[in-house]
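Okay, so here's the structure we're looking at.
Chain naming follows the written order as A, B, C and D, and within any one chain the residues start at number 1.
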Amino acid sequence: MEPQANSVRLKTMYEKMVLIRKFEERIIELVQEQGRIPGMQILANGQEAVAVGIIEALKAEDVIVSNHRSHGHLLAKGADPKHLMAEIMGKATGVNKGKSGTLHLAVPEVNALMTSTVVGAGPPLAAGAAFAQQYRNEPNITVVFFGDGAAAEGSVHEAMNLAALWKLPLLFVCENNCWAGAQSYAQHCSVGEIAQRGIAYGMPGEFVDGNDVKKVYALALSMAEYCREGKGPALIEAKTYRMRGHGENDHQHYVDKAELEYWAKKCPIRSLKEKMLKDGIVTENELQAIETKTLAIVAEAVAFGDASPFPLAKEALNDVWA
Amino acid sequence: MAQLSFGQAVNNALDLAMNMDESVFLAGEGVGISIHYDPNMPSHGLLGKYGPKRVKDTPVSEAAIAGLAVGASCMGLRPVVEIMFLPFITLATDMLVNHAGKLQYLSGGKSTFPLTVRVKAGVNFAAGCQHSHNLEAWLAHSPGLKVVFPSTPEDAKGLLLSAIFDPNPVIVIEEMGLYWGKGEVPEGDYRVPLGKARIALPGKDCTLVSYGGATHTAIEAAKILSKENISIEIIDLRTLVPLDRDCLLNSVKKTGRLVVLHDATKFGGFGAEIAAIVAEDAFEFLKAPIKRVAAPDIPVPFSPTQEKFYKPNADMVVDAVKSILN
Amino acid sequence: MAQLSFGQAVNNALDLAMNMDESVFLAGEGVGISIHYDPNMPSHGLLGKYGPKRVKDTPVSEAAIAGLAVGASCMGLRPVVEIMFLPFITLATDMLVNHAGKLQYLSGGKSTFPLTVRVKAGVNFAAGCQHSHNLEAWLAHSPGLKVVFPSTPEDAKGLLLSAIFDPNPVIVIEEMGLYWGKGEVPEGDYRVPLGKARIALPGKDCTLVSYGGATHTAIEAAKILSKENISIEIIDLRTLVPLDRDCLLNSVKKTGRLVVLHDATKFGGFGAEIAAIVAEDAFEFLKAPIKRVAAPDIPVPFSPTQEKFYKPNADMVVDAVKSILN
Amino acid sequence: MEPQANSVRLKTMYEKMVLIRKFEERIIELVQEQGRIPGMQILANGQEAVAVGIIEALKAEDVIVSNHRSHGHLLAKGADPKHLMAEIMGKATGVNKGKSGTLHLAVPEVNALMTSTVVGAGPPLAAGAAFAQQYRNEPNITVVFFGDGAAAEGSVHEAMNLAALWKLPLLFVCENNCWAGAQSYAQHCSVGEIAQRGIAYGMPGEFVDGNDVKKVYALALSMAEYCREGKGPALIEAKTYRMRGHGENDHQHYVDKAELEYWAKKCPIRSLKEKMLKDGIVTENELQAIETKTLAIVAEAVAFGDASPFPLAKEALNDVWA
């Protein structure tokens, strides 16, 4: 892969970001149409550039481990929107037969190996996956996404120490979206930049503007390369913003509106679009085509979910044991 | 008496405790500023009233939250900390089981640990098995910990106040699905003693033991059964540790039959202890097998069809009762 | 057949598994270099034989050790990790209960987690309650985890090999006090199926259920009782999950009486489940109350006088059996 | 307290170090006389300067939280050797009535508040104690001792983040004795100096020669002052060496003899003695008097323990509930 995203790649990344955005915007509508979708929906609106920039820098064989805010990661990794949406709707055709729902979606067929909604659980799981890659001398790496809030969990520390000690091919990606639930970064984290925690483990830690997909991609590429070369783990902190509430039941009563407006202006999709237009990489027509195509994909996904049956109640008893 | 929701009753207990005793403080993820803006949430409004010194939002660090409670209580404070959902209590079990429950013993009785841990339980909100997993049996099997699991707003208030002012560590499990349901709640410093069960419904044909949200399923079942002239006695345990053995045994001695109901999975669940006590200490009075109605031994599935299947319902209780009445 | 100590039998199973299957690796605190230099220690000599790539000493990080196993098993390896003592498994319960036990389910059956966790149990080595605390009831109450607790060198080998090659997560509890005791052990790839109990002693007057170290207490009790012409049938469960219900129920149907014995505390212990199953499914055959012999509901005390008092002994079993024989 | 230990204080510290050494040397003998003492004995031989240097810099009201290797901490804090020895022997007159034994000795009457043998458990407990001090506006601080091995536990990370975030008056003291069980520092820790982990929490972290009681004292004093002033927590890494096995059942088969010899030469007690003699702070006679007095204290402790009864078996049922 080229060290800086070229225009083809920029367009690809743009398309993926738009897919994530539209997919989740449709979820918002479904949530509002009572009963269309069960449970709490946790969206990555505003954070699309992190998922896409990081995953674009990976190979298909590389593994990702995700958290509760996973839709973006999974779509970027190539999960099928139809089966993803069906799962979110609790249908039998879902990627996990309706047993997971939105919170722990795992799509091992695209190497989105595991997802945990236990905050901070991803890093130790990912250390296990990276260990397997190292053990088998595979040329692949594992990437784990976790939040700024998760960085306070002991499990993250244990995984970082272990990964650094054993030089596991593991890229830690902290998506710092300024919030952990209703707690602001300053309320839950003792260090100015989580990237600095790399020092505590003797591993490289870098901070990046998580709303700039180009920068995220470039950093991810070099960090992934570092891990792939067997030099050990690395840590990326991508600073971004959670544009909606923690979940769709959170109406952000505690959020400063000015802060929201500030970040709305930094929308990763709009800024990329403007940049590409300015640089002549895309035309308005092409953008329109992307939008149309994406909306069709999303509509198809929802139609697929709608048309799918719920799993049989008794099938709940299956899949506990191998 | 006031009409309060369960959540408001908890809120009222916290408010009173903080007001009565400066050594009470709250800590947990979102106990101050919450993503919910809802007066039915247990700590709603308390940050505004008592300030950030006494209402502490914490990082997402369950072990540290529990450790904070253990250490601060050893110094004489009365911490009331929250672990958001029961499955996350796994991250705090070392602190709770090996420390809160044992350090007094290890000190030879020199130190006490008057702490309270509030934790939400709940199946049926489509969050899947990492948010829904009733683990009360674990805590009840841990020496040195008291365990409370109320089913009504009144008990939620009275038990929580008792828990906060108890000199021992107490785990208070709150069924999240109950937060919005209302009931009469006595005003002021109302306490329900720990270790006393409640006869939620007197009856004669069969004893039905439950606690927490399942008590409502029990009552539903009783209504159905009463139409067929079957009279069941519902015991709402309220406190799992210390257990009100007398209430349990007296009831079974009277009815001669026992069904135990809970939302936790069956195998190794708390119902087993209830059944075992009765099979040991009221065996001669038993006229029929002891039945347990509980969730199947699987993780809580997400899909609504399957989650409904998972949660024990009134019909299952009705069937169990009927199966042991000749 | 060879005469091996329990620890050597475990060692032999690990050695064979590593030899047979490249995907087996060991990890844990001191599984490579140990403070003990003793061939009766389970992983003795394996670092020398298989090297540091496959025998991994870890930092003191129980959650990471368990997480390593979960993640690596999801990638198709067969991790065999060690948590040093049962009380420390509290630090790994999130990884084991919320992840090892649930991730296959959450994947809709797409992924499997063929991992094994070995953990030491034991009362009676004067280490106090933070090293001694039998928590098998917790693990047995956790859907998706198998639980094994052998009492003899032969079973220690056969069950561990089955555990390692089982496609599910298995927790293997090893009673530390048994490591040095010898027994006949079949050579080669010998497997004892998971989920099959063993009649350690056939008898007719009363069924005595136990597992792990307590089985030896049971045998001692049987000897005492046989002098008084009381014949008890000892069931050594070997596997707690999945439980061999048939063996249990058939025995009680024959003897009409049940005593359950374990070293864990009584309240909410695994014995409750055994009692509850029998009170539900073999009630009609029961001639007497079901007795449980277990530790008192306290942390394990340090002082030798008190630690001895804590641990259930043969006399207590004898008394329990006699109390239910008219 | 004076910023640098004066000669009176040096002598006091020397006496305390000798007490710890002799107390534990007597334990070694008792272990060898089969049956005199139950359980595994974990000794701080070689590490005395850390316990004494740190605790000497504290006030009596300050709280300590200790770990499995606690004898030194407790004696330095002023615990009565008689009741300590009785506890170690499992006697009814022990500081914890025989319920704890050597591994979790707590002596709240001298503010040795809690001891846990669960590795890494001390820091969260200590955060709770320090929180209580802050909550009540006490002028006191809490000190928690933990090992280099413990630094890998997630609980330590959570406590550090919380303490730094809330500016708790908590001094973290990592006794780096080069070993965690049979694992060397390099085998279990990913960072060159644990003191560097301070950076990850925005708290000061300092490294000190843990075999030089003067240096330990001076650093502890300034760090304790920092905490006491409400500036937040601080971290000291004291580098020392575990001269015996992990416990008395560990015969150090894995330890390089040359390394042991190297550290034997750096014995904190001998080097202080030599320094004091050289500087004319003590005479040989005074040293002899200290030795004699100390041996008498230890003999008295053992005699007290020997003469004390075991607790009644049934008393095991007490003290579970308050």
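Please note the rule applied: a contact is a pair of C-beta atoms (placed from the backbone, for glycine too) under 8 Å apart; a residue touches a chain by one contact, two chains touch by 3 or more.
Fair warning: this is a prediction, and the values are worked out from it, not measured in the lab.
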Going only through chains that touch each other, what is the minimum step count from subunit A to subunit C? 1
Report the inter-centroid distance (CA atoms only) between subunit B and subunit C in whole Å. 30
In whole angstrom, what separates the CA-based centres of subunit A and subunit D? 45
Rounded to the nearest Å, the gap between Cα centres of subunit C and subunit D is 36
Junction residues of subunit A - those touching two or more other chains: 94, 98-100, 104, 116, 118, 152-155, 158, 161-162, 165, 187-189, 320
Two or more other chains touching the same residue: where does that happen in subunit B? 58-59, 61, 63-64, 87-88, 91, 94, 98, 105-106, 128, 130, 143-144, 297-299, 301
Considering only which chains touch which, label the overall pattern as line, ring, star, complete or other. complete
Residues of subunit A defined as touching subunit C within the complex: 63, 65, 94-100, 104, 106, 108-109, 113-116, 118, 121, 123-133, 135, 154-155, 158-159, 161-162, 165-166, 318-322
So in the complex, which bits of subunit D are touching subunit C? 38-40, 90-92, 94, 98-101, 103-104, 116-120, 149-150, 152-155, 180-183, 187-189, 245-247, 249-251, 253-254, 310-317, 320
Of all residues in subunit B, those that touch subunit C in their complex: 87-88, 90-91, 93-94, 97-98, 101-102, 105-106, 128-130, 133, 135, 137-138, 140-141, 143-144, 241, 243, 264-265, 267-273, 275-276, 278-281, 283-284, 286, 288-292, 297-299, 301
Per the touch rule, the subunit B residues reaching subunit D in their complex are 25, 53, 56, 58-59, 61, 63-64, 66-77, 79, 94-95, 98-99, 103-114, 143-144, 167-168
Per the touch rule, the subunit A residues reaching subunit D in their complex are 152-158, 160-165, 187-192, 196-197, 199-203
